[in-house]
Each structure stands twice: as C-alpha cells, then as structure tokens.
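Inspection log for the structure reproduced underneath, given as structure tokens.
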Amino acid sequence: MQTFADSFSTAFGLIVTGDPILYEVVGLSLQVTFSAVAMAVLVGGPLGAILAIGRFPGRGILSVVVSALMGLPPVVVGLGLYMALSQSGPFAVFELLYTPMAMILAQFIIVTPIIAAISRQVLSDLSLEYGETLRALRATRAQTIATLLWEARPGLLTATLAGLGRAFAEVGAVMIVGGNINHVTRVMTTSIALETSKGELAMAMGLGIILLILSFGINAALMGVRGTQRARAYG
Amino acid sequence: MAEPRIIPFPDHDTQGKTVTSDGIKVQNLYLERDGQPLLRGVNLGLNATGVTALIGPNGAGKSLLLKCIAGILQPDGGSIDLPETQRFPALVFQKPVLLRRSVRSNLLHALKLAKVPRKLRPGRLAELLVLADLTRQSEAPARALSGGEQQRLAMVRALAAKPQLLLLDEPTASLDPAATSAIEELTKRTAHAGVKVILVTHNCAQARRLADDVAFLSRGQVTEHSAAETFFADPKSDGARAYLSSELILQP
Amino acid sequence: MRTIALSVAFSLTATMACCGPFIVVQSTTSTANSGLYDAILPQFEAESGIEARVVAVGTGQALNNARNCDGDVLLVHAKSAEEQFVAEGYGTERFDVMYNDFIIVGPGVDPAHLNDAENASVALSSISATGETFVSRGDESGTHQKERALWEVAGIDTEENNGDWYRETGSGMGATLNAAVAMGAYTMTDRATWLAFGNRNTHEILFEGDPVLFNQYGIIAVNPEVCPNVRSEQAQVFVDWMLSDAGQSAIGAYTRDGEQLFFPNAD
C-alpha cells in the first residue's frame, strides 16, 4: 500500500522540482475558480441584497429557492450544463463544451447560490441594525443598499471564501463539462480523480496536499485583508 | 419665548383643513401595531423654535410619536403638519448606530446623503468635528469611541443636513453625567441657533434644564402640554402628578 | 468592484484566446489511463499540426457523447455497439485499430482457485461457486459489456447475486480496481490498464489467455452529415494516421515495464 509518507514526499517533490505540469494545472485551477467566484460575487452579492432589502412579491419563495440551490449536487449542474452546451443542445453555437469557459460557468452556477444566500443573511441582519438610522439620514433606496453592501464587507468576504472553497474543491461538474483534457481543461481536482483511477494513490494524495496548501494560502490571505479591515472599523 | 399654545384634551374636530401656522401641528394621530392601538389620537401644537420635552411613562408612545414626526413611521390616521423649513427633521436615537468606519467617514457619508456638494464637504466636516469636539479623533474608528463620544458624533451627524428640526430620542439615557452634560450643551447650542428641538426624556431634571415647554404623554395621548415652569410647578393631570412624584423618589 | 470586473474580463479573454486546429477524441479510459495517448499523440501532433484533445470516459458514455455530436473521433472497445453506432449513421466507418486482452485479477492467495481454470467460463463459475466477491464496472463500458457476455456464456445470473458476492461500482476501471484491491475481490480488466495501474497491492493476474478474452479497439470518425459541426477533415487525418504505418508502429512501440500494452492490427 502506498502510504501517507509517500504522498507527502510526492507533494514536496512536485513543488521543489517546479514540475511544469503541476504549475499548468494549478494555474488553470486558480484561473477557473477565481473567474467563477468573481462572477458569482458580482451576481450573487446584489441578488442577496435584493432578497434582503427589496420589497416585491415572491421574495420569500425566491429566498427559499436560493437557499435550496446551495445543496445542488455538482454532478447535476455538470450534466445540465453538458446538455445545454452539447452540440445537440440549445447553446451549441457558442462551442463552449470542453473549454475552461464551460468549467467557469459550472462553478459559477454552483457558487452563486452560496454567495447570494450568505449575502442575504448578512445584509438582512445589517439592514435591521442600520435601517432606521439610514432612513433618518434620508438615504435613498440605492444609497441604503450601497451603504449596507459596503458595511457588509466582512460578511461578504466570508461568503466569498465559502464560494472559493466550494469551487476550488469541486470535481464532478468540471469533469463532465471540461472533459479533463490534458493541457486544456485539466485542473487540480480532475487530476486527482485521474491519478486515483490510475491507481497512483500517492500522486493523487500529493496533489490533494498541494490543493489543501493552496486553499490554506488563499484563506489566510483573505482573512488577513479582513483583519486589517476589522482593525480599521473597531480600532 | 412665547407662551406655547395649549392643545385641549383630545379633540375630534379635525375633519376641516388644518390652518397653516408657523408651528408644528399634530392632529388626531393614530398608530396601531398588530391591532393594538399605540397612539390614540395625539393632538399637539408646537412653536417653530425652542426646545419641547416629551415626557411620560414607558409605553406612553413618546418614541413612536417622535418617529412619526421624523417620517420613518407611517401613522395609521391623523396628520402631522411641519413648517416648510422643517420638512426634513433629523433624528438621534438613544443608542447611536454608527457605520463601521472612521469618525470622518461617518460624517462624510452623512454629508453625501444630505446632498452637500463635494467641494463644500471638507469645510462642513471640519465644522461638525469642532462642534462635536472630535477633531482629534477624526481618523479613529467610530465604533471604538466612548459612549459619550459616539453620541456626540451621532448628534453632529444628524446636523450634517442642517435640519431646522432636531428630534432627540432619550439621547443621554445610557450616558454618564459628564457625557450627558456635553450632549445637553450641544442641544442648547443647536436650539440657540434657531433649530427647533423635540426631546424625549425620562430625566425630569434634564427637561427642566433644557425645555421651554413640556408635553406629557400617557397611553398614546397627550394629556397635558404647558410651559416647562408651569408643568413642573403645578402639573394638572393625575398622570403627570403621579409620574413626577415617582420621578422625585427615583431621582431626588 | 472595477478590479473584479477587469480581472474577470481578463481571464475570460485569456480562456477564449485559443489555439490552432484541434479535434476532440471521445475515448475509452484504458487508452488514456495506461499512458498510450501521452506516448503517441505528440508524434501525431508534430506530423499533422493538429492537437488531439482526449475526453476519456467509459465506452458507453463516449458513444453517447459522440451521438450528441460532442466529439470528432471515437476510440472505444465494444465492437457490436460500435457497429450499431455506424449503422445508425453517426459514424462514417469503423476500423480495427489495435487489440489487447482482458484478464481477471484478484488477491494473490486466489481463494477461488482461478489459476486452475481451463477457460473463462470455468473461472467465473468457480468465483460464483465459492461466493468470493467479484467487482463489476456496472457502467455500460466496453469492459462491462464484455464481462456480462462472459457471465452469460458461463450460465450464471449475476442479477440474482447483485449486491451479494457480485458488486457493481458503477465507476471507471481505475475506481473499480481500487475497490477490488481494497475489498480483496476479483475483477475483470483490460491488460493495459492493469499494467499501468499503480495500486496493485497483493493483487495479481489470476486468469488469462482464453481467446474469448480478446479485446478489440475500434476507431470511428463522426459522420459530418449527422453532425455538421464536426471537424471532419482533421478527424479523418487522425483516423488515417492511427491506421497508417507510423501510427501503428507508435502503438506497438509503447511499453510499460518492458511489456507491450496494445497490439496494432489495422488492415
């Protein structure tokens, strides 16, 4: 049996030797995940704000739907997107299947509900806290939303981190719509799945360790940003 | 200071159009929540200047009346007439809710909401900082200030829009005597500048120090309204008498 | 906000910015997992200037994806399913390209005594008789289709024992091998995947050599009349190369640990 020690030395070896394949795969992982999460923040943040602050019929139901979508299995997202992007599907003309863009779309669909639901919670709490004060200061609706979004930065950062974590670790959907094509759509998680299916467990685990280290680094960096902001807000 | 007009005990003759005056006119104001009447026909006429204290026991509806005047609560009946210049009152709460930013950013935010042109903001900011005696703490995070400093900041933030009507909802209830005195000083200066102040307070000594006239609320109605001296020397209603005597026991 | 938008725009253009001519090959997993493509495709790409992008899935899924026109070339190993694919008009023509064979692997101690079996039916019967666990792909792959046919010839109803000694993983060959190794169970695999497999532990080849275990790989270009979007010109270049002397000798030259994994047999 291949041991954990093998995995650690494999991971270490890949990192110190500057394995070009590893860097290619890591680079694509980061690019896909950051693009997907950035898009999800741009859509999910305002969506959460509308759900938290907006007054329109069906708001309650929409909130429940968004929360429920957090539980969407990635494989289902991947399959749905495959059917949509397939040459026999409705969006064939974009020729996105088996491209990084398809993977970004898949992760975007998976992550947006998470960011929207957390943002909604954060913003409705803040809205309770600031609502009367902002109304007393004669803020317009748009100004209220802008103020709350700005004040909600720490909470929105948490939402973003949750989204990043989910996207970075996701394998089912990107495997289906990306196809795990070498040098084109192979990312960290699909590489791990591939090495596992080749029985190269030490290599798979080693890549897993590198994924964990990267995830740790991203979280630490963003938490650092958050720490500085907190210091500025509370002294 | 002119003798405030005394509004007689609930008067239902409000069908006709209100006579425009230079004062604040609250007529037959009605507010309910979950079928419970909370304001039950409030009638009150106030001068356009000076300090009015709203006092009365907990649950009488003082804060609700204040929020109706501020326009952040919609009454279920009756009317509030504000003079043209006082259309946009400012409101300060017992517990200040400051943005999680610096003192300076809090004030700039308020100046922006008050539509103060960008060019004028630095000057106005400096004035407000001086008024609140917070110039030194201008870069400090607002939420790290002491309770008294936070309330001073909330006061001048409310003044950012240069309101002609300032509504204070128990602004010193959670402050120590020194901080209380600073807020009272700020209130007096504001009133001296010609801004009408309506102050909700449980502190009768504070009402005596600041108010020109006193309106006493009990169970959702104004039961007595008179000049401050008159009110404290010789309360007319049983409710006010009972309230003042218990106040005397609690705050000798 | 603006920086986010900019970085999105940047990375989108970066992902769109693309490449020279390429084809998508819908492939069985064994050819990919065993490293065959890594060995031969660079040679094809150098000669033709066409990039071959391999999507490695089970034969069943590869056929389905190709039916959806999501591939230009099909390389799988289930001859009757491939012939049906061509008959339905999805493929232009099917060619034999190479072969190897299936083997049955299991724990070295061989509790069902497969070593003594004279043919595949006997081997499977002794697994069934001893009730030793057998792990099946259960995923409509070429290997799974072959395996089911062998049980049928042996006259054993696996459905009756499904979940008992007969276990379906519903996954690829690699995952199924990992499961068999972890469970100390028997399973059937193509030889190439086994030779390239890294997690054998104490598992060994316990039965091989019966002619029924022959494993033929076929190659098909997807029909441009059914799928107008296919890059049929480039696809045909790839098919021709795989069947050419250059392609065939590249396949034959690929070895793992000194063993040849695939045997070219184009006409």
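For clarity, chains are labelled A, B and C in written order, and residue numbers in each chain start from 1.
By our rule, a contact is a pair of C-beta atoms (placed from the backbone, for glycine too) under 8 Å apart; a residue touches a chain by one contact, two chains touch by 3 or more.
Note that the structure is predicted; figures quoted are calculated from it, not measured.
K.L.:
So how do the chains connect up here, line, ring, star, complete, or something else (other)?
P.N.:
Topology of touching chains reads as a line.
K.L.:
Using only alpha carbons, which chain's centroid is the nearest to the whole structure's centroid?
P.N.:
Answer for the innermost chain: A.
K.L.:
Average the CA atoms of each chain to get its centre, and name the chain whose centre is farthest from that of chain B.
P.N.:
Most remote chain from chain B, centroid-wise, comes out as C.
K.L.:
Quick one: chain A and chain B, Cα centre-to-centre, how many Å?
P.N.:
48
K.L.:
Please report how many Å separate the Cα centroid of chain B from that of chain C, as a whole number.
P.N.:
About 80 Å, centre to centre.
K.L.:
Centroid from C-alpha atoms only, then distance chain A to chain C, rounded to Å. What do you get?
P.N.:
Distance between chain centres, rounded to whole Å: 33 Å.
K.L.:
Give me the residues of chain B that touch two or more other chains.
P.N.:
In chain B, no residue touches at least two other chains, as defined above.
K.L.:
Residues of chain A touching chain B in their complex?
P.N.:
129-130, 132-139, 143, 147, 151, 231-235
K.L.:
Under the touch definition given earlier, write down the residues of chain A that touch chain C in their complex.
P.N.:
Against chain C, chain A makes touches at 1-2, 31-32, 34-35, 38-39, 41-42, 82, 86-89, 92, 95, 97-101, 104, 179-182, 184, 194, 196-203.
K.L.:
Looking at the complex, which residues from chain B come into contact with chain A?
P.N.:
67, 70, 72, 88, 90-91, 93, 97, 99-102, 109-110, 112-114, 140-141, 143-144, 157-158, 160-161
K.L.:
For chain C, which residues are in contact with chain A within the complex?
P.N.:
Touch list, chain C to chain A: 4-5, 7-8, 11-12, 14-16, 24, 29, 33, 37-38, 53-56, 65, 67-70, 172-175, 177-178, 181, 196-201, 227, 229.
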